[in-house]
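One chain, chain A, links the two complexes that follow: it is found with chain B in the first and with chain C in the second.
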Partner chain A sequence: MTSTQQQDLSIFKDNTIVSDHILTSPNSYLTLISHVEGTQPTWLVNSLIESSLQGTSTLVNKDLNRKLINRSELYMISFLNNEDYYVRNCKKNGLDLSRESKFKFIDCFTDLFTKIITNPENAIADIDRLFESIFKQISTSKSDKKIIILESPEILLASTNISSIKLNNLILKLNRLCRNLYIITSHDHPQIVDVNNQDINDPAFETTDFLIKLHYKSNVNIHFEPLTTGRADDITGILTVSKGSLPFKESTISINEKSYTYNVSKESNIKIYFR
Partner chain B sequence: MSSQSSLVLLNRVLNLKDGIPFVLVIDTLVQSSNYLIEEFVSKYSGDVVYLSFETVNKPHYASEFIDCMDLTPKEIISKVKEVVKTPETITALTKKTLIVVDSLNYIVPEELTTFVSSIISPSIILLAVYHNDVAKKSTTNGNFPSALRLLHYVASSIFEIEPYFTQIDQEEFDNNINKLKFPIHKEINSPIFKLEFTNRRKSGRALSYKFIINSSTHVYEIVKESEEAAFVEDESLLKDLTTFNLTTNSKQKVAKEQVELPFMAAQDELGSYSGAIVYEFEKDDDYDEEDPYEDPF
Partner chain C sequence: MSFRKRSEVINPGGTIPNRIPSIPGRAPPPGVPNGAMRGIPGRTLNAKPKEEVDLKSNPGIRSSIITSQPTISTGTSDLDKLLGHQGLPLGNSLLLEESGTTDFSSILARVFASQGIMHNRIDKSSNCHVIVIGLNSSWSKDLPGVYKGSSKDKKKAAIKEKESAISVSNLSQSSSTRDQDLRIAWRYGLNKKNEDEDSSEEVNENYTHQFDITERLRPVPDNQEITFVQVSEYKKMLAQINDIVKLHLSKNPSKTIRILVPNLLSPSIYPSTFSKSSIVIPFIHGMRSILKSNSSNISLVYSIPTDLYPKTSNLISIIEQLSDSVLQLHPFHQKLSELIEKSYKNEPSKVQHGFLNIVKLPILSERGMMTIHNNEYAFKNGRKRFEIEPWGIPVEVDDEKPKDDHDHSHQSSKNIEF
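After this line comes the complex of A and B, so read on.
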């Protein structure tokens, strides 16, 4: 292994962020990106967008420098940010998402509680309608290399009367429409994840149930957390890439299980270090 | 039961040969049932119907794949009956249909036993998975047993699986998993795992055995309890730590075991004094007439 590779992030053993074998697979897979307070995974999401669309990874893997045209079709569904947020952030990666025809942003943030969901206490029909429109939009395209990134769906659990099983079912249907679904969720303990909580009236009970069921379906887990030893100026956090509950069906897809420390500078430059 | 016969029994159950109606697999996030289910179906030649509550891709071995996501238990049962045709006469040679359920956690405990018993029939073998670390919702009736307890009652064979760790800091590991943070361990969700197999005989008597299963090579080994105990007391860790000899040889160990501990003797002889301090004068004791600690008043 060369010295340059040692400072690079690769999720798969073929030194890629989004593997070609996933894009050409007939199966659908799930990757969970979990984070806790103080470690937003925005830079990784930007790299996933870049890697999915053109195969490169300017900021985190210098070896991935061969640009491929229309590598896959990427759908970004966000309950937490609007399109501007990603268009602005991806400029650092050399991408102008406003001109990318293969990048589709589905905004579930701007009008979520004004137009999309009018009564959060009785929101099942509204959420069904929302997901139906998403399914329709994704199914319209004939491309068989679709990647979906779903950001913060757990917001629906905290703010509406939807159950964890119902939300899991909708996500499962979404997963079947693409080669790989990335779900970005918060794993704050004990506000979101509390496995010992048995109080069904506590919102953490439903979010924990939702996340555990998601983890049973995941193929890759990517976890962000702050340094366990406390805050440091030159390290922002720890990133761990580990295998999920389900193995990949293709033996050609192998996860590069590794733990990294990383630093995001004020200029949004990313430095990755092996732990 | 000898080790050889427990292996024979495991093989018979994995081959689904003994006419077992319901096999329950209990898994966790760190060792999912995927490899064990593959082990079952790789040995099975009949039809496999897959009931999916959470599976994204249709498994290669499934002859029928029923999506149960938005269906009620009654609707699932009627779909199963549509797919599985019951033969008019069932003989020992009749090929049974294997029904695999990816997770029973999606059915409420009140309907669970009805669901299981409605599916089981003489021409069907049910192989169902229950995820042990999914949050348990309390039932409307506070005295109603948990889903897992109910399943324990009705299952004829239970396979409880966990990772086969050779060395691990259990406390740190549990702490991570409780936060749904998955550390890097090659033993997690590996094709080699530990299995506790409970088999219920027709008389109702249940016997448990532990095995190490290698699903890649299909080799099964019996876990010897002594191996586990030896792992706890490993004196080799004390070697070369200091210039002092911290280890004990076998002669010293025997001597150590034979030492009669004073509190044990006290329980035998002096228990009848109910907590009083009893002093028995022995021949080597130095006896003073005057007690320096005596209260002068």
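After this line comes the complex of A and C, so read on.
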């Protein structure tokens, strides 16, 4: 009888995507999800949403099959997509987010440059107001187990006069309100990250500074990139899970540092392979 | 013992959430207020019930072959195939990046607009509206018209039209010759073939048309078919677009709206201040917001010259992030162009004009699929159609004249000696 090893994604050594130890911890942690053009991390974000809400991970880890009711409260803050996008994409994971009471979508997309930010060249007060309203919305809930996912904050850096330091400070404040903050950001080189960029007027200068500072504060880094050998039909890209600059304060939390190759099919089926 | 009326439907196919039994005389279950979720305490439905729009009634819409989402044709059948859905799914945007001094992207943009106008003219229900940003109404006079076939086809069509016209000579002729024709056709099964063709044409008849760039779309589209939005402050433009969209959807909720932004940031259309990232990114972000808020009616196509705004810039990267699909048109380098022309000098119709690179494809890229294809496809623009085909390096043919027999024998002996 032959048996093949099950190749599943686990970010922590306790074979989880979102660890119980993080949810019960009194501390706040930061995970950075960076991606390069051609490797959108939508499927991982969907799995994070699923795992945060009910502990399962249907598409990427078959061992995580025990459903837990109200595992944590999840706040999705997006500068790039509306709620429909997540509701539609999470259907594959067996989730109907429009009915999940613990899923809260904070829309920073629909009216961002029409109502929320009235003058992009002088937007600091507006962005302060936006983040204040986000803090308020998150603080009203008394749940201890909060997870926040923040998508594409770099759009603010590229289009307004906010500095990377200011945005970082706001993000740190946001991080303190939850157990784990996931930041999804593009990591294209040299468009977004270019360490040799000396031009302070180039938005890439600010985005590079922003990402480097985040890397200094993160506990887990998850990076997506295409195959270095070129495009393949059966492999989409490489996923690398690594430790961030800051360690976890609890010894029980340990990261499963690993690199995977993965394949996403047209029907959103995910296959994970160990490297 | 209680009886139920036979005609009463208890549960028509599966459970319907949030449905309160409508059995006469029976009150709703205790503790379940109207609109509240069952099984999830304290949760009320916050999702607004979406208005059911009958998109099937719109002849310009077809389901995507991958996701079944409503999809519209770009007017270029090869581009429709390349996008993977047999068109551009509604609620999605397509960014065309073009390098060099050519303007192939504007052909795709014009055909996209013409296709919308053609859909609008299928019947009198006004199915489609086109919004063009940055240009004026003279642009609509140059939209390509429908391809009517070669000169031979045109003559045939004219004869057919003449024959089908009701006249005394036609009627007297029809009874004898047509019966004979039909008998022969039946004998050889030609009628059957025609029937098959007819049925297949019926399915795809109005979805996509073939356009001829030397023909002009007549009559010229009017204000009811196409609206032009002039470049001004980005907020004013967004408000204007939003108003146009609302106005048209209030009249016909199943209408499709094609928004077109040709040559975005081109200095001949846009002022230099518009290229500031604090203006152009909010503008595109706002467009995306309008698109996603009306995802079952709007699609957006915009083109940008990448010689002025290179792909390695932060601005283009953010614009690509805000786009659902991205294609790049790279006209061939002069040397490669010369080589291709030389290789196909006997078949000029095979000469391609550039590479077409895929960066993002609608829906598939957002799902996380790797869709980058560089230098795998080439495009050529002809009078009849814009073709996209897999790229292959052409075989170089020697220019030397074929040698006569004497030379040949001389050469072969030489070869033997060697």
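Here is the rule we go by: the second predicted complex is superposed on the first by the 269 of 275 C-alpha atoms of A that agree within 3 Å, B and C clash if a C-alpha of one lies under 4 Å from a C-alpha of the other, contacts with A are read in each partner's own complex, and residues count from 1 in each chain.
Criterion: a contact is a pair of C-beta atoms (placed from the backbone, for glycine too) under 8 Å apart; a residue touches a chain by one contact, two chains touch by 3 or more.
Predicted model, so just to flag it, every value in this text is computed and none were measured.
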{"item": "Joint occupancy of chain A by chain B and chain C, clash or fit", "value": "fit"}
{"item": "Partner chain(s) touched by A:N161 [first = chain B, second = chain C, both, neither]", "value": "second"}
{"item": "Which of chain B and chain C A:H21 touches, first, second, both or neither", "value": "neither"}
{"item": "First (chain B), second (chain C), both or neither touched by A:Q198", "value": "first"}
{"item": "Contacts of A:L246 with chain B and chain C, given as first, second, both or neither", "value": "first"}
{"item": "Partner chain(s) touched by A:P226 [first = chain B, second = chain C, both, neither]", "value": "second"}
{"item": "First, second, both or neither for A:S101, with chain B first and chain C second", "value": "second"}
{"item": "First (chain B), second (chain C), both or neither touched by A:P41", "value": "second"}
{"item": "Chain A as apex of chain B and chain C, Cα-centre angle in degrees (nearest 10)", "value": "120"}
{"item": "Which of chain B and chain C A:K271 touches, first, second, both or neither", "value": "neither"}
{"item": "Minimum distance between Cα atoms of chain B and chain C in the superposition (Å)", "value": "14"}
{"item": "Chain A partner contacts - residues on chain C that touch it in the complex", "value": "17, 37, 40, 42-43, 45-47, 66, 234-235, 238-239, 277-279, 281-283, 285-286, 289, 292-293, 295, 311-318, 320-322, 359, 364-373"}
{"item": "Residue numbers on chain B that touch chain A, as the complex places them", "value": "29, 32, 34, 54-57, 60, 69-70, 103, 105-106, 131, 133-138, 177-184, 188-189"}
{"item": "Contact footprint of chain C on chain A as seen in their complex", "value": "37-44, 80-82, 84-85, 87, 89, 98-99, 101, 109-114, 117, 120-121, 152, 154-155, 158-161, 186, 188, 190-192, 202-204, 207, 226, 231, 236-237, 264-266, 268, 270"}
{"item": "Residue ranges of chain A in contact with chain B within the complex", "value": "27-30, 34, 165, 168-169, 172-173, 175-176, 187, 189, 193, 195-198, 200, 205, 208-209, 211-213, 215-217, 221, 223, 225, 240, 242-247, 249, 257-259"}
